[in-house]
Structures are given as C-alpha cells and as structure tokens.
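Should a chain be cited, it is by its letter among A, B, C and D, assigned in written order, with residues numbered from 1 in that chain.
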Amino acid sequence: MTLKKKKKNKPWAGRFSTGSSKILEDFTESISFDQRLAFYDVKASIAHTLMMKRTKIITGWEAEKIINGLSKIMNLVQKNRFKFSKNFEDVHMNIESYLVKLVGEVGKKLHTARSRNDQVAVDMMLYLKDESVLIINLIKNLQKSLLAISRKSIKIIIPGYTHLKQGQPILLAHFFLSYFFKFQRDLDKFRKSQMSLNVLPLGAGAMAGVNYATDRKYLARLLKFSHISENSMDTVSQRDYIIEFIFCCSMVAMHLSRLAEDLIIFNSDEFNYVEIADAFTTGSSIMPNKKNPDVLELVRGKSSKILGNLSGIFTLLKGLPTSYNRDLQEDKKILFETIDYIKPMLQITADVLDHISFHADKIKEKMRDGFILAVDIADYLVKKNIPFRQAHYITGSIIKYCIHKKKKIFDLDLKEFKKYSKDFKEDIFSILDYKKSVESKISYGGTSTRSIKKQMQIAKILLNKK
Amino acid sequence: MTLKKKKKNKPWAGRFSTGSSKILEDFTESISFDQRLAFYDVKASIAHTLMMKRTKIITGWEAEKIINGLSKIMNLVQKNRFKFSKNFEDVHMNIESYLVKLVGEVGKKLHTARSRNDQVAVDMMLYLKDESVLIINLIKNLQKSLLAISRKSIKIIIPGYTHLKQGQPILLAHFFLSYFFKFQRDLDKFRKSQMSLNVLPLGAGAMAGVNYATDRKYLARLLKFSHISENSMDTVSQRDYIIEFIFCCSMVAMHLSRLAEDLIIFNSDEFNYVEIADAFTTGSSIMPNKKNPDVLELVRGKSSKILGNLSGIFTLLKGLPTSYNRDLQEDKKILFETIDYIKPMLQITADVLDHISFHADKIKEKMRDGFILAVDIADYLVKKNIPFRQAHYITGSIIKYCIHKKKKIFDLDLKEFKKYSKDFKEDIFSILDYKKSVESKISYGGTSTRSIKKQMQIAKILLNKK
Amino acid sequence: MTLKKKKKNKPWAGRFSTGSSKILEDFTESISFDQRLAFYDVKASIAHTLMMKRTKIITGWEAEKIINGLSKIMNLVQKNRFKFSKNFEDVHMNIESYLVKLVGEVGKKLHTARSRNDQVAVDMMLYLKDESVLIINLIKNLQKSLLAISRKSIKIIIPGYTHLKQGQPILLAHFFLSYFFKFQRDLDKFRKSQMSLNVLPLGAGAMAGVNYATDRKYLARLLKFSHISENSMDTVSQRDYIIEFIFCCSMVAMHLSRLAEDLIIFNSDEFNYVEIADAFTTGSSIMPNKKNPDVLELVRGKSSKILGNLSGIFTLLKGLPTSYNRDLQEDKKILFETIDYIKPMLQITADVLDHISFHADKIKEKMRDGFILAVDIADYLVKKNIPFRQAHYITGSIIKYCIHKKKKIFDLDLKEFKKYSKDFKEDIFSILDYKKSVESKISYGGTSTRSIKKQMQIAKILLNKK
Amino acid sequence: MTLKKKKKNKPWAGRFSTGSSKILEDFTESISFDQRLAFYDVKASIAHTLMMKRTKIITGWEAEKIINGLSKIMNLVQKNRFKFSKNFEDVHMNIESYLVKLVGEVGKKLHTARSRNDQVAVDMMLYLKDESVLIINLIKNLQKSLLAISRKSIKIIIPGYTHLKQGQPILLAHFFLSYFFKFQRDLDKFRKSQMSLNVLPLGAGAMAGVNYATDRKYLARLLKFSHISENSMDTVSQRDYIIEFIFCCSMVAMHLSRLAEDLIIFNSDEFNYVEIADAFTTGSSIMPNKKNPDVLELVRGKSSKILGNLSGIFTLLKGLPTSYNRDLQEDKKILFETIDYIKPMLQITADVLDHISFHADKIKEKMRDGFILAVDIADYLVKKNIPFRQAHYITGSIIKYCIHKKKKIFDLDLKEFKKYSKDFKEDIFSILDYKKSVESKISYGGTSTRSIKKQMQIAKILLNKK
C-alpha cells in the first residue's frame, strides 16, 4: 500500500504528515451507515448552537448564521437530498463541512465546547428514542393481531402441550394469549429502556468536560431529556443503552422465534392445525406438492442473527480499556442491523397471524383417545378424598391398561374403572368431555372460557395504555 | 445399557414399565444443583397448603399435619441437615417424599392443585428475589469503595485517555467516579428486574390451570408477590425473568472486566500508576521479580463465562417449542453458575480497591511534555475569537513542531507561539498548567474539583437510597 | 477484608509482604477443578526430570530421587488417594510440595528449566489427547447405534421432510444414516484436531525460553508428541487447541440437538412415529397420561450450554494482551464442563436409539393423500418430454385440484389427469406407489434401497477404520 | 396488509392462489446478497447440463442450446452487467428465468434432476473454495509482513510480558514471530477446512435423491470435487462447512484482535514502543494533540462482530428440525458479512505492520531497574547447586530489598548480594546484562538471536509452501 500525502479534509489535519489510502478510507468510514443519524445530528447541533448563544460562547449573530445553515441542511436531509461523501468520514463531518460551505468561517465555531464523542452519543440516543417508539408500536400491532386471533379461536379446543406431548385440553385462544403476555413483557422492557435513553450525554466533551460554562440543563430541555449525565468520562465510554436496546430486541426475537416454531409445527401435515395464507408460504422448486411456511422459518432464522449481535456487542465492550475507543464505531453496525431485522420480523408475524385459519375438525381428531383427560380423572378421585399422588398413580395405570388393550378412555365401562379404584361411580363418565375439562380449569389464569375472556379484557386494557 | 425394572420412587410411576439406569439418573437428576432451592420450595409449599385450607381443597386438620411436617423439613434445611438423595430426581420430590415419610398418606395431598411446572417457577422467583438483594448490596458495597477511593484520589491529576492515548488532564477521582455511575445503572437494572420477579407463577398448574377454585391472590399475599401471572401457559413456559437476571449480571461483568482491564494497564510497569496490595497479586513460579495482578485478571476472565452463559440461555430458549420442555432444567445450571461467579467478583473488586494505593509522582512524570494541554491552547485561541476548527489546526501544528524539535510545550517562547498565530499573548503561559486545565473544565459533569465534589455528593445520595 | 500476613506456602513468597485471605483463596484457586490433570502433571514431570538428567541439568542421583517420589505420587493419583489441598492453589503446587515432603530439598529442583506456563500447557494437551480418544469412541458408539437402527428400519417408508412439510417418501434408514454422516464429519474434525494436540509446549518456560540447553526433542519422544512448538511466547499465550476442541464439541452438540429435536417431533402424539423406551422418558407430576421424552430434551438443552461455552472461550481470548494472563485459568472451567457435558450426551443418545421402536402402521397413515408423490408425477411428464418447469406447474395444479375437491391422488381417474396434460396415459397409475417412488431415487446417495445399502456398506467401512 | 393476487413469476406457482406483497418480497428475497454467487451458479449449471447430456436426460441439441444461453449469462456476470431483479427472489431464479428468455422452452429443462437445495449447496462450496484461497493468501501476506518486521526488529530488546508485567528481556522479533506462528495455525485450519469443501453436494435433489440415473462422479470431475456426498438428506440439511469456515475466520479475528490490542498498548504514551504511520491513525475532533490508533481499534472492534456471527450461525443451526429449512437462507448473510469483514482486516493489519517503526531508545529506558533479570539471577544460583525453588526465593527477597531501598539491581554491590546467599561471587555482575540474558535463552524456541533466526528460517519455509 502506498500512502497518500495529506489528510486535508480531516478536522484534525494539523498534526499529520501523510494521508490515508482508499482501502483505508473504506475500512474506517462510517458515513455509509451512520448517515441515518443525520436528522438527529442536525437537531442536536441546532440545540447546541442555541445553548452557546444563551451562554454567550458565541454571539447572537453567529448563532443565527449557523442555525440558518443547519436549517437548510435539515431541509435537505428530510427530503433525502443531502449528498453524503466518504471524503468526510462520518455523518458529523459531512454536515459540518457542508455548513462551512454554506455559511463560511462562522461555521467553524459550531464544534466549540463539544467533541464527536458526546455528539455521537446524543445522536444515537435521539435516534433510539424514535426507534423505540416505532418498535413499541410494532409490538402493539402484533399484540392486536394476537388478541384478534384469540377472539376468533376462543371456541376451538386443542391439546395443550408440554414436552411436545399432549397434556390437557385447552382453548386455542389460550395459546395465542400466552404470546400476548410474553410480548407485553418485552414491551415493558422497551419502556423501561427508554429511561436509559433519557440522560443527556451532550456536553461531556471528549471525556473531561469542556472549558466553557455551558448550560446542559437548557440543552436537556431543548432536546427533551429528563436527566443529564453526571460524569463526562462515563458518558463517552458507555454504551449501556445500546446493549440494553439490543437485549430488548433479543427478547422479542427469541419470542418471535418460539411463536414461529410453534406455528411451523402446527402447520406440519401431521398436526395440520393451521392454514397459513398462500402469501406467506412458498413452494418448492422441485416438489409441486409443497406449501412451505418460509416466512415463519425466516423469522426463526433471523432471530439467530440478533442473538449473535447481542453476543457481539457484549464481546466488543467487554474488552475495552478506559473511556472512548474507536472500536465503539462498530456498535452502530450491530445496532442498526438489529433494528433493521426486528422491525419487519414483528410486522410480518402480525401479518401472518392476520391471515391464518384453523382446521378445527382436524384438531379434534388428534385427541380421540381421551388420554388427555387424565388429570381430570385424577382430580375426580381427589374429590373422592384420595390423596393426589395416589389418584395420579391410579389414573396412570388406567392409561397403561388402555394402551395395552388399544382402547380409548371413552371405551371403558364402569367395571373396568372400578378395577383400579372402587371410588369410581357412574358420574365418572360426565367428566370425560373435552369441553368440560376446559371449563373446569377455573383457577385464575387458567384455560376456562371465563378465564380466557378475563385475559382478553386485560389484554385490551394493556393495549389501550399509552 | 440394560434397563432397570420399574420407577417405583417416581411420582408418575403408574404409567411405566421399565425403570431408568444409573447413568441416566445422573444425566437427568437436578438435585445436585437445585437443592439450593429447598428453602424456597418449603416456603412455597407452606403457602400452598394454607391456601388449600382456606379454599377448602383440604381440611384444616390435613393442612395442620402437612404444615407440621413442612416446618420440620424447613428446620432441617435451615440447619443444612436435610439429606438429599439422587433417588428422588429433584428438590421437589426429595421434600415431598420426606414429607410423606414424616406425616403419612396425608402428605400425598400436598401436590393437589399444582404441578412441578409452576412450583419450580415460584421457587426460582423467591430465590432470585433474595439473590437480587444480595447482589444489589454487593454492587453498593463496590460503589462505596469507589466513592472512598475517589475521596482519596481527588488531588491526583492523571492523563485522561481516549484510544489509550493521553487526551486531557483529569482528576483520578473522575476516573473512579465514572465507574460509580456505570455500576449505578447496573444497580438500577437489577431494581427494574425485581419487578419481573414480582408476578406469582404458582397456580398455573402444568400449563392449563387447575381444576380447583384456588385463591392465587391469597397466595401472592402470603409469598409477597405484588402481581399474579395472567396466563397459565405463558407462566410455565417463560424464563424471561431468568434471562433478564443473567443479562443484568452480564452488564455488571462487562463493567467489572473493563475496570479490571484499566487497573491492569495502570498497574503495568510502564504506567505504574497504582500499587495493588500484595494480597491481590501473585508471583511467578519462575520469575521472582513478578507481582502479577492475578485477581483482576481472574475478574476479567470470569466475566467471559458469564457472557457465554447469556448467549447459552438465549440459545436454549430460542429453540423451544410451545409451553414447558425439559430443556428448561438447564436454565438453573446456567443461572446458578452465573450468580456464583458474579458475587465474589463484586466482593473482591471492592476489596482490591480498598487496598490500592497510587504513585502520584510517577503519574506526574507521564505528562511531562505538556501536549495534553492542547485543548486548552485551542480554547485560548477560541476566546480570542478564532473559530474552533482553525484554533484546533493551529494547535495541532504547534504540537507537530514540538515533536519535530523534541521540545516540550513548556519550552516554547512567545515568538515560537506567535509563528502559528499572532493572537498568542503573554497570558498563554498562564494556561500551561495541569491544575488550571483541570479546574477550567467547569461544565456540569466535567473534571474540575468542584464538579467532582458535586458528583461525589450525588453518589452519596444514591448510596443512601434504599 | 483483613489481609493475612504472609504467603509462606507459595512458591513465589520471597517478594511478598502480606498473605491472601480465605475468600481470595477460593477465588483464585484452581485445585478444585484442575486436579483432574494430576496424572498428566506427574507424567510430564517425570519426562522433564529424565530430560534434565540426560542434559545434565541435574545429576543422575537427583533424578532418581525425584522420579522415585513422583512415582509414589503417581501411584496415589491413580488410586484416587492423593490428597489435594486448597492451600496449594493448583495441581502443580500440590504435587510439587508433596514431592518435597517425600524426597526433601532435591524436590525443589524439579521446577528448574520450566515454568507453570509451559507446564499447564503440556498437562492440558496430554489430557486432551486422552479425552479426544474417549470422545471419538463415543461418537463411533453412537454411529454404531445409528447403523444398527438403519438396518432395523430399512423397510419402513416415511415422509421425508423439508420445511417440516412432507416432501417425498424416503426410507427411515435414510434419515438415520443422514446423522451417521454428520457425526462422521465431527469425528473427522476431532481427528484433525488431534494434530493440534501434537505440538509439545513444554520447554517454553515462562515465555522467553529457558537458560538451559534443554532437549525438547527428547521430551517430545518421551511424551509422544510428533512436533515441538517453534516460538516460546506463542506457546504459553495460545489456547487454539482448546478452542478447537470446544468447537468440535459444539459441532457434535449441535448435531445431537438436531437429532433430539427430530426424535422429539417424531415422538409427538401427532407424528407418533417412534416409541422411546420407558427408561428414557419420564412422567408428569400432575398429568398421569404423559410419557415425556425428557432425556432427549435434556440433550437438546445441554447443547446450548456448550454453544455458550464456545462463545465464552472466544470472548475470553479475544480480549487478552500479549503472552500469558491469568484469565487463561478460566479456560479449564469452560473446557472441563464442556467435556463433562458432551460425553454423557453422546452415550445416552446412543442408548436411546438402541431402545427405540417404530410404529410403521401409524407412519403409513400419514401419507394417505399421496401428495408426497408429486415429484414422481412431474418426472413422469418430464420423461414424456415436457420441460421440468412446466411439468412442475401441471403437477402443482393437480394437487390444488385435489385439495379443493378433497380427493386423494389415488382417487383421480385418467380423465381428471388428462385435464391437466394430455400426456398422461394409463401408466401414470403405476407411478402412484410409495415403494416405487423410493426405489426410483436411483441417484448416488439417494433413498432407494440399493443406495441405502451402499451407504450402510460405506458406514461399516468407516466404523472399522481405526 | 393486502395480498397480491398470484405468484406468476415463481417456479412453484401452480399450487398457489394469492401472491405476496412488497414488504414480504423484501423480507424473503435473497437476491440482494446472494447475487455474488451468480458466477458459481452458472458454472454449476453448465456442469449439470453436460452431465444431463452425457446421461441422456436431455439430448445433445438441448444441452447445446442451454449451455449457449448459460455462456452468454456467464459473460454478462463476469462483466458485472447481468441485471438482477427482486422479482425473482434469488440468484438461481434470476438466472434460470433469464435463460428461458434467451433460449426459450428448452431452458425449462435445466432444473431437471436437481433442486435448489443441492444447487445452493454446490454454489456455496464453489464460492468458498475461491474465498478460502483468497483468505489464505491474505494470511500469508500478513505473515510476510510479520517476518519482515521481525527482521527489522531482531536487534531490539524489549521486556517480555506476562500479566502485562515485565517478565524477562526478549527480542522484539520474538514478539512478532509469536504472531507468525499463530496465523500459521489459522492458515492450516483453512487448509484443513478446504477438505470439507471438497465433497460434491449436487445431485442430492430436494433431499431424497432424484428419479434419474445421474452421474455424480462426472459432475465432481467437471467441478473439481474430490469426493461425492454419501447421503442426500444429510447433504441438503448440513452447513458444517460454513460453520467451520466462520470458525476459521473467528480464530483469525481473535488473533488479529490480540495483535491489535498489543500494538495499541505499545502505542500508548506510557509504553511508547512503536510509531504507527500517520495513515493508520486519526486525530481528535477536539484534542489537537491526539494521534489515535483508530485502524487497529477498528480491527479489534470488528473482530467482535465476527465472533457474534459464529455464535449466531450455531444458534441458527442448533434449533433446526430435519433436513432443509428456510432458516438456512440466513447462513449466507452471516457468512458473507464475515468474509467481507475478515479480508480487509487482514490486509490492513499487514499494511500497518509494513509502516510501523520503533522507539528503541524509549524501550530501553523501561527496563532501567534491571528487575527483569531476576530469572537469570535465580538460574545463576541454581548453577551453584541451589535448588531452584530456593534460588527463586532468594532472588525475590533481593528484589524486595531493592524496591524498599529504591535501588536498581545494578546498584547493588557484592556485599549486598551476599546478604541473601553466600554463593554470590564476583561473576554475578557479568549476568546483569539484557543482551546476555536474551542470548542465554538457548532452549529451542527461546528468545536468543540464534533461536530467533532459526524461527525465521522455518517461517520462510512455511511461507514458501504452496
């Protein structure tokens, strides 16, 4: 590699002799991905200028000129017409150098009393404040779909599973609502993480603070932060809010993956519980019979990349020595990719749910042998005052007998029941009913229709909370 | 492998023909590690019994017998004298079977209206409630050490670094306080995570709810939960609170690793800023000259395992199909190990700080050339109304000149300064002073003594907050 | 924490003033887990002594005394009767100090011309050489089970899946053999990794080499290493062979997890393809009907921890500065845990396979509609010279028609076929047969009986390869 | 979301009713990133066509037409002028549909006897074969730089470190060569991984094999594979070769990160051992004095993303059920990103090394106190027949005395030495010399000039190996 002569266009050119080469510029630039921060960068610069005016670091006239220039840039940015160039490394230098072009020497005053270290931190926080709102809305949107589908499926009884084995009959709505509440916790996590985004970093300077009597409280008011960071070194070196954000995304991704996995299994020919709309499936290039749940598989697959990103950002931070290091530039790549992944995953999962239908008849077939009513039989005995463990043992023995004899539970007569316990009476047969089983789960949070309706009511209230 | 005949001692033996082998029992058992839940398991069982009595699922007399037995067990557990056996798979069965031994058949009623799926969830939450208090206290303890060491080091000026290059002079206290605030955020995260531990899972049954009119609100009151879980399927399948807990530990670990890394660098012969007490160092088996910061290296090394665990728990959950699966047993191994790692890491880091001392004289030597005052020179020019970017360029050129001529900043005379800008006057020399540089960082959060004292005041208030 | 006075029992006590405390000793000790290296440590020490004798670093008489002592220790270690104590930090110091007790002052000569840094590296490599043989044998054992079960299932036709949707009929043996070849690659990886374990680290000293004319080639011969490490700094700082070993374990874990996942799905009530022996399942504490594939779920769950460990060890190494750092002690925890996990996972999966049986009749039912023969229909048309893409489209339309009309493929008459292509003739009906479909996959590696037998033959050859 | 009508442009359109929407197409498409496979896709298609001709699956005339079309496409691809469109999902369909446009109906015969599942696998392997050569060359290039810098630094003595504390004097060349051998192992890993890329997947079909008497050996010959995959199910479901490739990249990344970390520390003002060329550093936007090693920090930072990717790909695979699933599409994103990261990291690290210089004088200053010669003093005593452990203790005590008295080792007189052992004689002073210390490390692999030259010779031989 031969080295270029001088870094003329760099803000720190004074101290340097040779310039950097093309391959290097590609390696170090961030403008190709941090340009999405332009809006926030200009916004923060305007606030910074107003603050410098108020604290007399610059004059009113200077401030006016600078803000004028920044407003023009903002306009271009919003119209997507600002031209970014790799010559200027990152979003900050792109904007600042264009400002100088617009307003002349006075533009060089903008960077007084701040550093790129606190500047990038405030940009990121402003950006994440907006993104977190978008993601919260997408989660709500998904929850709406889950609630809607719960309404549609409240009369369908399916086997509830543990260990992927049929356990007890439940309402299909119960299943969908279980995801509603998982995503509710994710949503709460995003809300809690917004507090971490509410501490103004701007004003920390490079890491020591600045030689000016700045007014950070005023800055915070302008930019709508509720708190100010307390320690300037901490401020420029920490990315806790980014890790927390990626962690929240990882929780969502993990839940989406599990939901996708469940629907893929329900969509297998053997389960055959759901029909995914054609739009969300694809065929095979070779097997004309196939209708594959590709979209859900991609949701499941993409979640892995997000989890990998969480691992990556922790690894990055874990090894860093004191204060700011350039490694931190990579946090943006990891964060932006994570955000660009999670949003369509949320949207599309909701879409899938909105267009799913059920094969209620097929589902019913799956429970034909009635073994799934075992707990109800055991509890029948308990109510006859047989200790639960014993009741459990008796019922287990009955199931074994049925398997051995290739009988369904419904095929047994009272005599057969009585072989296992004399406490069985005629009323045992009234127990052997899926609907009844479901409705007898009267505990709070259980699968009875009443309880599910209660859950739906709570879900609705949660959705309406701002 | 030859298979044993029958699983007599298993609670679900009724349905089974052959028993499991030794290697299998080792593979599936959890009693070797989940016995630490015994206290919480008994506690929850007592509450469950009281609730069953109240709701007339069992009689008062039965409840009395059971509680009597459980109290005896609790006593043994607290005295560390309860005998756990691998014959009974897990902590729940160990306790239940011993209960039956103590109180007879009535003990078999304990497991009415609950399942191990909700039982283990409530045990884990009760356990984590306690552990989170312990960890919060350990964080506070570390913060106390950081505050104490800040007090001791408030008069020592060190180079502040970015990119591991000297940037600007700062107070050493500033450095230690920067970690105080990092750990404050971790502490807040643990506090926020306590909310996730405040939602009672008990009563969800295996996943569908139970066939009894239980009173979960009463249970919540007894066990001091502020909320009740809304959906029984969600309740038994989710481990969000465990992942969140490990995430919080990971944040702490990452911060501890960075602090350790900084101190290790400060402890190198080349920096030579700190002296770590002999107790926290070890020698070399071959090099008699060595005094190695092993303890801090172990803190840094152990943090990797915690980060690996976060990756592991996410991977585990991400792949799970609907509701409860036995894979979840591994969550305990991951969680317990993480907790057993993070607690001594916190304690010992505090201990290291309590016994550290500084080589103030050596530190001063490191800044001899005065280049670290460059920002102050630039800001001097700014105050003479030179735009910051230009002032920055001029100062950079002066530094280059010094390097070239092998001069310190302090060696320059006014003529030399004036070569770079006519705006330099005699008063430039009053700027060239580390103490002055530090004190001129008057912005909120900056490194001036006044600002650092303010930070220490806030730190004290935060420490006193319950 | 109060500090103890002096580290008398430490090999490096000369330079130190105060001793370490209990909590510290617990934090830094490794004897609780590295004692498993004792056998290898003694073995390497004996070789080191012989080498020192040969190169006249010590006298013949001294060597004799030392080797005599080491042999006694070896004897104790092999009988599991050596007493390890936390007083002596790690396995090396435990053995050395006991040696001095046994043979007196001359024992203090053992550590001449070596350091713990190269000593632990050689111990680990010797240990891993043995463990890799054990694991390779366990993989072979599993492959034997896979081959055996393939033999048993060569006549059973099941649906082959992609996207968890039925694709084409295959022999069940084909499925099991697909795992045989996955594990074959893992086995090859372990074999390749053995090369990395064949480079003698002993003799590197602390990192610079030693002040003695050692004979490392002789050492290599004694300890059966084929190569000697070339650079002493690299030697003590690298753990590539450990990471590679954990990587190989991770590949195995990932494949075991997928196999477990497949069997769990095949074991669901809806698929109902396999019957897992009672010994490898457990029941529910509440649902007497359940027979859960817990063992396979644990295999799947435990694989997550291994993957987390891979992430952890990389994170650990990634952040390390030059040469040896104490962080490396954690490599052992990560490695040993991984090995202790993977071995029973391999053993038990083989056991599960040895005791599995199939519901051939149930499987047949699952393919009733015959859609799974679509590729065969398309290829029928191709052979009538219709381009594949068009044939694919035609067949897809026929399937759609069947679904719409609720017909099986077998229900269609020639007229219906001809509506979609006039190229359909009477011979189409001979195509509509699962067995025929399977046998027509005549390509190398395909699912025809002949091809499967060929695979089994190759599998047998691979198994017999040493 | 409203659904579009029909998937006309899809190869599997026959079976479907409604089409997919824009957002969906973005979510599922892979053409934006898999287009880099175009060259290999065409190459494999040509071989597939030749094989179909040879086995009479298609006629010679048909083959000619298809190959003619494919050659035109190849030409466009190589000139970077092929137009890819999202309408056609992925690279395979883009090419096939354009082929049909070029050559008409006969083009639809290309996909006979294969599936996208085996097609993408062969494309990936062909691609990775080329990439692995590129990466191996980049590693070699870096090794060349390491060897060159070793030559330049063979006369410079620096402190060798363990625990980031000065241990023993070493040649700087020793340090650089230690990385040479690390990267040699990485290179060997890539070479070993090439074997995994040498097993032809093409011909496996969708997963069951195909209904044609294909000639896979001929295909292997045409495409230069040495082996053929044995089991078609395994073939389409495995991505072991991709994980192994990312693992190899992760090893390289980890080593690059450590090298970067070392150079960053050596570049600190306190160490001040190296001068990184201006081109590879950047300044500060606020501190004119800074010359930051940004490029190396980015190398260190970017390595985290690669490690995250390894974690991600394992997580992805770990959760997959049998055979091919669409999740696998994400493997490409993870793999391509990893490759696009590692290549410039390797290139630029070599560039940095090519333009680095040393401050030999500054380095010498760092060892002034001579404590770093302690091992030599101990070994001096050993040669006077004092057991090593005792010699170690004596030397440690001398160091402690020096620290206490603020003396250098060189300041001690014989009387002082004799206080610690009567065995010290006048000749002890001849030991106290850095150069002598270095040259006395005569063991194989040690730091003596002779040994280092031997290492350089071996390095040269390794570099020349093809």
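Everything below uses one rule, namely that a residue touches a chain if its C-beta (ideal position, glycine included) is under 8 Å from a C-beta of that chain, and two chains touch if they have at least 3 such contacts.
Owing to the predicted nature of the structure, the values given are computational and were not obtained by experimental measurement.
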A-C compared against B-C, more contacting pairs: B-C
Cα superposition of chain C on its sequence copy chain D - rotation in ° rounded to nearest 5: 180
Interface sides of chain A and chain D: same vs different residues, half threshold: same
Where chain C and chain D are represented by their mean Cα positions, the distance between them in whole Å: 23
Distance between chain centroids, defined by C-alpha means - chain B, chain C (Å): 32
Set of chain D residues in contact with two or more other chains: 11-17, 111, 117, 161-164, 167-168, 205-206, 257, 261, 265, 283-292, 294, 297, 304, 307, 310-311, 314-315, 318-319, 325-326, 375, 392-393, 395-396, 399
Touch list for chain A against partner chain D, complex: 1, 3-4, 7, 10-21, 23-24, 26-28, 92-93, 111, 114-117, 205-206, 257, 261, 277-295, 297-298, 300-302, 304-305, 307-313, 315-316, 319, 325-330, 333-334, 344, 347-348, 351, 354-355
Contacting residues of chain D [partner chain C, same complex]: 11-17, 100, 105-113, 117, 160-164, 167-170, 174-175, 177-182, 185, 189, 192, 196, 203-214, 216-217, 228-238, 240, 243-244, 247, 250-251, 253-254, 257-258, 261-262, 265, 303-304, 307, 310-311, 314-315, 317-326, 375-376, 379, 382, 387-390, 392-397, 399-400, 438, 440-448, 451, 455, 458
In the complex with chain A, residue positions of chain C that touch it: 159, 161-168, 264-265, 267-271, 283-294, 297, 311, 314-315, 318-319, 366, 371-375, 377-378, 392-396, 398-399
